[in-house]
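One chain, chain A, appears in both complexes that follow, with chain B as partner in the first and chain C in the second.
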Partner chain A sequence: MSWPTSIAKGITDMNNILKGLQKDLLHLPRTHPKRRATAIPAMQALQAELGYLDDAAIKKITQITGLSTAEVEELATFYSLIYRRPTGRHIVRICDSVCCSMRGADQLLTAAEEYIRTSLGTVTPDGALTVLPGICLGLCDKAPAALVDGEALGPLNDASLKALLQRLQKED
Partner chain B sequence: MGTILIDGHIIPFKPGDNILQAALEANLEIPHFCYHAALGSLGACRLCAVEITPKDSSKAPRIAMACLEPLEDGLEVSISAIAAQQVRQHVIEFLMINHPHDCPICDEGGECHLQDMTVACGPPYRRYRGRKRTFSNQNLGPLIHHEMNRCITCYRCTRFYQDYALGNDLGAMRLRNEVYFGRFQDGPLENPFAGNLVEICPTGVFTDAIFRQHFARVWDLKTAPSICPHCSVGCNTLPGARDGTLRRVRNRAHPELNRWFICDRGRYGHQYSEHSARPLAPRASGADTSYHDALTAAASQIKSAQDCIGGLGSAREDLEGNAMLQALLNTLGGIYTAFSDPELETATIAAVSSLQNTGNAPSLAEIELIDAALIIGDLTAYAPMIDLALRQAYRKGAKLALLHSSPTPLAQFATTAMTVSPQEMRTTLSRLYQLINAQSATEDMTETPMTDIVASLMGARKLLLIGAIETLTAQEVPILAKLATALGSDTRLAYAFSGANAYGAALLSPAGSAMVMLEAVEAGQIRILIVAGNDPLGDSRFGPRWRAACRNLSALIVLDCILTATAKAADILFPVAAWTERGGTFINYEGRAQGFAPVFHRPEYLPSVAEVITDLGQYLGHSLQAAPSVLGDIFSDFEIPKPGTTGSLIIAPSLPMPTTPPVHSAQESCSSMWQAALTSWYGDEALASFAPGLMVLIPETVAMIEPTSAIDAGIKNGSQIKLRGSSGSMVLPVQLNQGVATGTIAIARNVLAQLGVGHGDLLELEQVL
Partner chain C sequence: MEALLTRHLEPAAPLNLAAYQATGGYRSLTAAFDLKPEKIIGIVEAANLRGRGGAGFPCGLKWRLRGADAPSPRYLICNLDESEPGTFKDRYLLYGGPHQIIESVIVSAFALQAERALIFVRGEYAKGGNALNQAIQEAETAGLLGTNIRGSGFNLQIEAHLSGGRYICGEETAQINAIEGRRPNPRPKIPRPSTHGLWGQPTTTNNVETLINVPHILLNGADWFRKLGVNGGCGSKLFCVSGKVKHSSLFELPCGTPARELIFEHAGGLDEDRTLLGFLPGGASTAFLLPEHLDVAMDFDPIAVAGSRLGTGSIIVLDNATCPVEVTLNLMRFFARESCGFCTPCRDGLPYLTQILTIISSGAGRADDLALLDELCATIASQSFCAFAPGAVMPLVSSLKCFHDHYEHHVITGHCPFNETNKKRA
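And now, the complex of A and B:
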């Protein structure tokens, strides 16, 4: 389970968490670094609830942290595990950094795109899947590697990728 | 302090500097993008590569980033080493992979840092044949044009915007080779200093959208050193003109004032001189006429009115124009003042008298170094660059205490911001004075914000007291001066005046003469009024009185370069040169006399105010002395400052502190009444209000009320209220705003004028259901 997913699972009452985060910041100056630091767990908590952060969610983070929309957007779009577009129930991130790329990641990405007949970064019509290119997972020894809903997999090949996608599409 | 060797030259350096700073200081150019003197080093662009020869000769030379490399005595550096040149060439080649080949259609062309660096270091040809990364641009409002494809990711824009100007609506989005500099959504940039992006971006991502509407290549622009006419800071500017029209204004560095930046009022306010309604031909009896006929008409009117004449100069008119008008009035035996608003006149004179000849008002560079300040009023609206200097002090840890009646952007950076209604300002200042004199920081908890302010002021080593004159009365000004004295001789005192030459105007205007003149016009004792660059009939609390009084005149003679209400009502109108079309002198808020030179001339004949007055003198049979000798008589040894120099403190005979009865004493406040407070913004200025680009950004007209007073009165956000003042009423939507004082309604200048009230006057409020 990936880090954001695991904290998310531990969250019983998101609103209380968000309120707690907000209270911590109340009396800090507008430019205090803690505001940015708090934005990240706040975004993770909200994403665990919503699946991704839409513009309204970004505005909610601004209310919690006192940051501006631009400042929150900087953070939201910098971290690749924060999603600003709708995602499927399952997210497959295929690494396309150097090692994986040399071991065929680019072909895997094309194959995945063809198989699910949906372009990278979008959701399959049944809402099941989103496939994305990702950056080095530190699994270069298992290249080409992928991160599937927070779980590391590799090395992948055409057949194991197809089997994976097929399985995920059937799962809830 | 030590020395280093750069390509064989011995270069001294200051402790704490890096290689790039030492080299630039010694006029040795190391190519760079992301380093900027105001923003420091970042190490983002990798262009400033140099080669360092190790002390140990067995080791190989290494490449280092000059902007990040600390200095040590005897360091040997090479800019020209082949290895360093190659790194720089590769950096440029990489940057040019995605950069469009659009110099011929790019507004930056000719003054583009990337273009210069590419020519200086880059490969002569592009090897890359692949697809380029492209972005969509945003609409950033009327002032700035966005072309993201040209970005080279130096981060100068966000470092300036967020870190330096403390704006928060422009950011660096995304990551890797997709980093995007923009806003959350389309919309005008909100920071009053946003226009500096145009200069700080080393490529053509952010360009001047107003210049773009009537573009010229930079090498075709005529320029000359000028001074910004839009407020009393006196920032140095470099306007550019072509074919008889003014196209743009840029910053011109002054070592103590505006060094790298100017505000958006200064950058975009210049459109007033291109306004379609600008008067360009003299007018008499409602028809265009020649300069000669207008002078003849004016002279004959003046002669027939004999001694009954008044001359109204202006705080935005230069020293020469005001002094010549005063000289003419002296010759004719009439009254002169530069102020149409008697209260503004006394407040300005009081402020100048407390500063005069002391050199106590700090420069912008000095303001950046203070460690505590007491700010009265909204500096952003009256002296935007003082606000920017205070933001720098805040970044360095200065404690800002703020007393204000209406919202002000600096409140978000203040350690203590206290809203005080206009009528209570005086008692609040007096109380501060008492507390400071009592020396003991009284632990009276009921006075918390006050004691906090006292503690921060008394604990400071470099302290500044500063107020915006337009919202201060002549009674409050001396208290601020007394406060400064009480806080010790090192305390600096300054005022944000209204008008680029308000300081100079105050030196020429005898205290009390505005009221004398207004009453004389009302009584019919003044039959001819010459108004130079002033707008008595326009939006001020005395507008209604002046409008009524001016019906008694046999002739209203107006000299101006904008079509004010007064210019519209003129019987004889002399259009004059705008500030970029003539030379002259302004005295800024410090008392610094600065000269500006004519940048260009229009096809029409547009004399300066001083020239019109000289000619009028001739037609009346008086030959007035030339402006320099008139000024030399008033200010002994005064020499007109040379444009392009840094200017110097004007020494003038000292003004007595004017004495006046309290302004608001006549009005007894009753519970159903509210106080009016003037709310302003950075584009609110007589000339700039003729700049269409800026005026797009004018805040919507609302009545701002503090939330608890609104709730007590049963007023909701967004509801409609009717305000009634002495000369009219108006229905406005309510906006609840924490930045307004209790029992106060903050409204814009034009609303105040329409209601016939001033800052601190009482208003009646009625809810509209």
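And now, the complex of A and C:
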């Protein structure tokens, strides 16, 4: 995952990231119904490289899917794993659903917010971290749990969470 | 009972193709290809395999209703998009053994004569999705997928779709919209997805846990499968137990095992040996049950008779140090957040319920708020477009009944009896 934004990376780079997906679309006419099905994989591919989808990335997806900007925006903002705002180099999603909440997730979120000294969902000034609350991550047997860059961690407590955030801040 | 579905799960390092085959993996393909597709559907029907995604619809009947004469291409969707709080069985299956999933999809697609299969993977399980993609490639290279598989004349392509991440994508028709790149709100149920599903073609959707039973049924027969269950249940079932228990985990047990055995034997009993207050038997969108229901068989019909749903078979345990109002509020926050927003009763109604519950929970509620909650729940459930809102209000309606004294205490005294242990987040 990288940061800064895709504007710095440039459109040519986006073509490169989407090369595989675009190749599959070459034989399809522009109005083919299956073209729009590429929208989600394309968003995921761009986001994996750029960290989030900026307006240029949305525009790029309209070009390859044939959807309007509004339609792509509708999809991008619907999904909780597609980010339309800058994210840190590391994304920590702390589960706040029922099992984790019964085991202290609410307190974890408060502790995380205190540690990062910025609100949940924003980027720390050093660009290292974004902490988000998340719905049940399917880690109820590890409650309270978090997903750190896609890796499952739990059970966490205030101390282990702080140690984790500290370690992530030092990492690239 | 001997582990069946979880026998070869290795979450640390899932078996590759060769190792999986060495344990007897992919043997069911031979059994399946020797049979006519309609014969397989008959066997699955006789086995009384019911859908494990929550609804409990008979799998064989679902397959038969699609019809053998459905026009091509026919699609099979394997639903691996669990987001139901309390449920983590699909995670074990995906991370523990992707080849088991692929084998199950192949034989099920053969029964349905579906030439395209999609595995819809939860976005949070992206790493498992990567491993699944590798396993699919392995299977392709070994000729287990593609054209004329093992000389059977059957062709199948499997693709994994990684979700963008929303609870509603687990709903059958919302999932079809998600795959097509449309806004994933549920579609009208007429025409049915079985005739007009993915890209307007016949589409069958099954939960991943339902499908992984099929190879075993083919290898051992319908009678054998039915006898695996206890107390009237059929087959093996994956149960998750979480919440206030000592040993929260996934347990594979005979379908029909009572909750008492699950909670007190397998999950080691409650934290600090506290008293059981109640439990959700099948994930967040089911009704609360009380200690008096501990001996009800965890099977679709007995749990329905007790007033709840087996759902995903994921028990969430509440002890007597947990405020049920707080827990219900957490559940309602979840549903209000995850409503897709397509229909008004759900989009506006669930946040309204959450707001009232927040007020009650903070101690500022009034006595008539409880009646208002009941009335709202009835309106929302009956007026909304899909099964999401009826499921969402189920824990609230039952919570108001089961834990009425707790609600009254909040409303009358103006504070939570568990205030010390349950610190609220604003």
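Criterion: the second predicted complex is superposed on the first by the 139 of 172 C-alpha atoms of A that agree within 3 Å, B and C clash if a C-alpha of one lies under 4 Å from a C-alpha of the other, contacts with A are read in each partner's own complex, and residues count from 1 in each chain.
The rule we apply is simple: a residue touches a chain if its C-beta (ideal position, glycine included) is under 8 Å from a C-beta of that chain, and two chains touch if they have at least 3 such contacts.
Keep in mind the model is a prediction, meaning the values are calculated, not measured.
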item	value
Contacts of A:Glu73 with chain B and chain C, given as first, second, both or neither	first
In the superposition, chain B vs chain C on chain A residues touched	C
Contacts of A:Arg30 with chain B and chain C, given as first, second, both or neither	first
First (chain B), second (chain C), both or neither touched by A:Glu151	second
Partner chain in contact with A:Ala128 - chain B first, chain C second, else both or neither	neither
Partner chain in contact with A:Leu53 - chain B first, chain C second, else both or neither	neither
Chain A positions touched by chain B in one structure and by chain C in the second	67, 74, 78, 80
Sites on chain A touched by chain C in the complex	33-34, 36-41, 43-44, 65, 67, 74-75, 78-82, 93, 96-99, 101-102, 106-107, 109-110, 134-141, 143, 147, 150-151
Chain A to chain B touching residues, read off their complex	29-31, 58, 67-74, 77-78, 80
Residues of chain C touching chain A in the complex	82-88, 90-91, 122-127, 161-167, 178-184, 199, 240, 242-244, 248-250, 284, 314, 316, 318, 322, 327, 330-331, 334, 337-338, 340, 423-425
Residues of chain B touching chain A in the complex	162, 166, 168-175, 180, 183-185, 412-413
